[in-house]
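Supplied in structure tokens, the structure appears directly below.
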Amino acid sequence: MKIRAGYELSYESPQPTPMILQLSVHPSRIPDLLSWDRMRFDPPTPAKTYHDSFGNFCHVITAPKGRLNISTDFMVQDKGEQDVIVPQAEQHALKDLPVEVLIYLLGSRYCETDRLSNTAWSLFGHLPQGWPLVQAICDYVHDRITFGYQHANASLSAWEAYNVRRGVCRDFAHLAVAFCRCMNVPARYCSGYLGDMGTPPPYGPGDFAAWFEAYLGGRWHTFDPRNNVPRIGRILMARGRDATDVAIVTSFGPCTLAGFKVMTDEITSNAPAST
Amino acid sequence: MKIRAGYELSYESPQPTPMILQLSVHPSRIPDLLSWDRMRFDPPTPAKTYHDSFGNFCHVITAPKGRLNISTDFMVQDKGEQDVIVPQAEQHALKDLPVEVLIYLLGSRYCETDRLSNTAWSLFGHLPQGWPLVQAICDYVHDRITFGYQHANASLSAWEAYNVRRGVCRDFAHLAVAFCRCMNVPARYCSGYLGDMGTPPPYGPGDFAAWFEAYLGGRWHTFDPRNNVPRIGRILMARGRDATDVAIVTSFGPCTLAGFKVMTDEITSNAPAST
Amino acid sequence: MKIRAGYELSYESPQPTPMILQLSVHPSRIPDLLSWDRMRFDPPTPAKTYHDSFGNFCHVITAPKGRLNISTDFMVQDKGEQDVIVPQAEQHALKDLPVEVLIYLLGSRYCETDRLSNTAWSLFGHLPQGWPLVQAICDYVHDRITFGYQHANASLSAWEAYNVRRGVCRDFAHLAVAFCRCMNVPARYCSGYLGDMGTPPPYGPGDFAAWFEAYLGGRWHTFDPRNNVPRIGRILMARGRDATDVAIVTSFGPCTLAGFKVMTDEITSNAPAST
Amino acid sequence: MKIRAGYELSYESPQPTPMILQLSVHPSRIPDLLSWDRMRFDPPTPAKTYHDSFGNFCHVITAPKGRLNISTDFMVQDKGEQDVIVPQAEQHALKDLPVEVLIYLLGSRYCETDRLSNTAWSLFGHLPQGWPLVQAICDYVHDRITFGYQHANASLSAWEAYNVRRGVCRDFAHLAVAFCRCMNVPARYCSGYLGDMGTPPPYGPGDFAAWFEAYLGGRWHTFDPRNNVPRIGRILMARGRDATDVAIVTSFGPCTLAGFKVMTDEITSNAPAST
């Protein structure tokens, strides 16, 4: 299965504005790229790159005064396999977890484990640990939150999403991550591309997707409380403690998002994309 | 200058409770220890140790059902020098910062940079960058927040502290950290021992202290918006993005703090401590 | 089982000499310490501490002109269990190894995998992979090398030890490590204390011991080609690619080892040590 | 200045052979890529990617039985600036070095600091520290070693190169790195592309180049004892303790290099390359 993906973003800055960008495909997916997800800047803008402590590939730029367009368009090979379900994956005791995983048990900007702990234990404390627990959290979050792009709010936290009961995929992920951590399951936030191949058209306006990974049975597993059904075609971009660590753009000065378009399409053999 | 320090903590757990403890002196201060800050558990409790990604020394234990006392008592040599003031330390442009420092520009559980950015820029945007900016942030926070142990609230964030205008040292630190990050100055939260040697008795009940470090002129510098005067005798325990990462105890299950005492005393030559 | 351990080292330097010291008990064993392995310097010498990229605890000092004594003396609790044998621990294919383990497949100062590869494959290429392979390597090395303190040579490599057929425990470890790497088994060098509790007196003059760990079945396992029988009472100090990375002293200038004594004794209940 | 670079390698394996490849442009140069240095495998071969502890981008593959061709061909923008000379860059005392730099003071597979220390001090001990010392080392190595592709020997170490007095660029780099470390200057080995733009044709058969970096005045600086004149157009691929850590191919089983071609050409405006 081949997927064509990309984005076109525009930012308006009243003055030169430093930015951290996390807009690259995750290094683990590079072998699958059929063409490069090169980040194009219009006007041309020098960038410095680095890998952050989570292993994500980041760019630092200074957006010029005025408009900056950032775009990419690439092809990637995907196995076309659904998210794997491993019901027997067991939950580890704290002392048995790899120490580098422990940070994913702590609270974070959008996942206030301190505020949600009592709720989590009353909702999920009676359940068997491990995979059934994480799936129950996903089910609960999927039902509790009403999806709607109009609810997008970059300041909304898991605690707030729990209370207002609406949000976008990042809020679903934040609430599930927070609940998992409250229940002693390490959980980390993921961002990336996820097409609408599983749903009939007309599709939505296109956006990046958020899901999360839970650590069970000695490895990380994908969960998606927004969709809450196994999906195909996830193209990971970045992982972190929550959306803070994987923000597509972190700007250090005022700027305005003036354009935003994300594309993810399966390429069928009958209709090849131009290169 | 010799300092005698330690703590006596008691936790009541209704069932065996996993915990991460950050109750050790920071590795960088080990050469100054005159006696070991060995963590004593009563009843004896096995521990696993590790260094987290921030370089802090952590213990993982399973607190037994019932009461667990955790204590230490040690002596440390200190230069007895005040916090250093370096007014000419310059602020770095984003692109010139070491990449491992960039994470300290992002928001975190208790430092909602997204919520405080506009406030920060309107308060401090007109100031010269670098040391004067960070000092102005400390002055502002010192004045804005009223200190009181009765205001201690482990869920209070910088944004909330800004609004309710009261708190304890951690809230002072969180608000200053958040403002620094909004103004593009990397800032990290610090916890440790800090005696009351500079203030006249009667002293307070004793507690750990929180302060922060800002990255200017190629290195980290100590700032303390709670006291807002140079102090001597800081004994660092842990650093992180905020109090989440350096919590003295992160428990994974219900437990009650049943006793809490922190001691920090200068030892004078006339009144040596028994060993 | 309680072990009393320590060392007394003396160095003579014709001028102030910078040194890196790896003379501390490994952080993973700190919970077992009954008293602190504080490094004592005579004359008193300031030290800076850090954890290296292998997780070892290191000191940086400048040894003064003249003699410097470095010593410690501590007690440690040990389970008193023998090295564990896990015959079914399987060898991983390269692609299945955790990426942080791959560096332990490469050559290093004292483990010239390039020079020993053909020998390794001709000696061990016909054997079943995994634990039996590593044990066969230990058996071979144990037989090939004749032990003798008089053969100690800090420049001797695995390739040279293979050829001269004599050495001390570090040479046994280096040769086995090199063979393991040649056979695609990640292997890392370990240094620490190991008493002579398993052998009848009179004991040797006392020294630190070297052994190694091989990565099989998803974890590291202890192997000791010098003794080649399961032992009790290993107190790990440091791990690395080979002896280079865990040298007790790396000096940056000329200096002379003027005294060297290592103690490791089991403390029986009838004959407690003075504290 | 635009550079077109790439390689065509062929390996013959008598059986499926696991390999680690370090054949990608270093992450720090990705913003300069005008087209992607995609690694092409013929026959198609799955790869797993990771960043090693030195920050290099690595591929793990299992080369199929028979021939495997690995190639790339890309364009990169370069500033066209010569290696920078900073004569006033000072040498740091051991205690003032960043701790992550200290590993580059230790010996390694091809840089036997223990064997070369006395030689280093007698040759360079009288010189002023810092840049002049490192340049003197480069001058000495440049003169001591006779270059010749026929001397290429993947097992040759710095100590051996010092003695046989001949080698290729990696041997020049190894010997200079070893001398620097002996003289307390952190030094790391670099591999990459370096065209022959500075020398008149006919050019050699094409190869990757090796140079090194020394840590002076708070940062790493490029030195090239093989050429020993400032050059333009270095395209870094990987850095490490020595050639072991940056080998273009580390194979875990027998295989034969059946073809090897490296291209690096400046693209002039009059003669654009086909894409």
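The letters A, B, C and D name the chains in turn, as written, and every chain counts its residues from 1.
Going forward, a contact is a pair of C-beta atoms (placed from the backbone, for glycine too) under 8 Å apart; a residue touches a chain by one contact, two chains touch by 3 or more.
Remember, predicted model here, so these are calculated numbers, not experimental data.
Considering the contact criterion stated above, no chain is in touch with chain A and with chain D alike. Within the contact network of the assembly, the step distance from chain A to chain C comes to 2. Centroid distances built from C-alpha atoms place C farthest away from chain A. Counting every residue number used by either copy at the chain B-chain C contact, over half are found in both chains.
Note on chain C versus chain D: their Cα superposition corresponds to a rotation of 180 degrees, in steps of 5. Centre to centre, using the average C-alpha position, chain A and chain B are separated by 31 Å.
Taking each chain's centre as the average of its CA atoms, chain B and chain C sit 37 Å apart. Measuring from the averaged C-alpha position of chain B to that of chain D gives a distance of 44 Å.
Touching two or more other chains at once are residues 48, 50 of chain D.
Chain-to-chain contact here is organised cyclically: the chains close a single ring, every chain touching exactly two others. Pairs of chains that satisfy the touch definition comprise A-B, A-D, B-C, C-D. Chain B contributes residues 18-20, 48, 50, 52-53, 58, 60-62, 93-95, 99-100, 102-103, 105-109, 111-112, 114-115, 121, 154-155, 184, 244-245, 247, 250, 252-254 to its touches with chain A in the complex.
Interface residues of chain A, counted against chain D in their complex, comprise 27-28, 30-31, 33, 35-36, 38, 46-51, 55, 57, 59.
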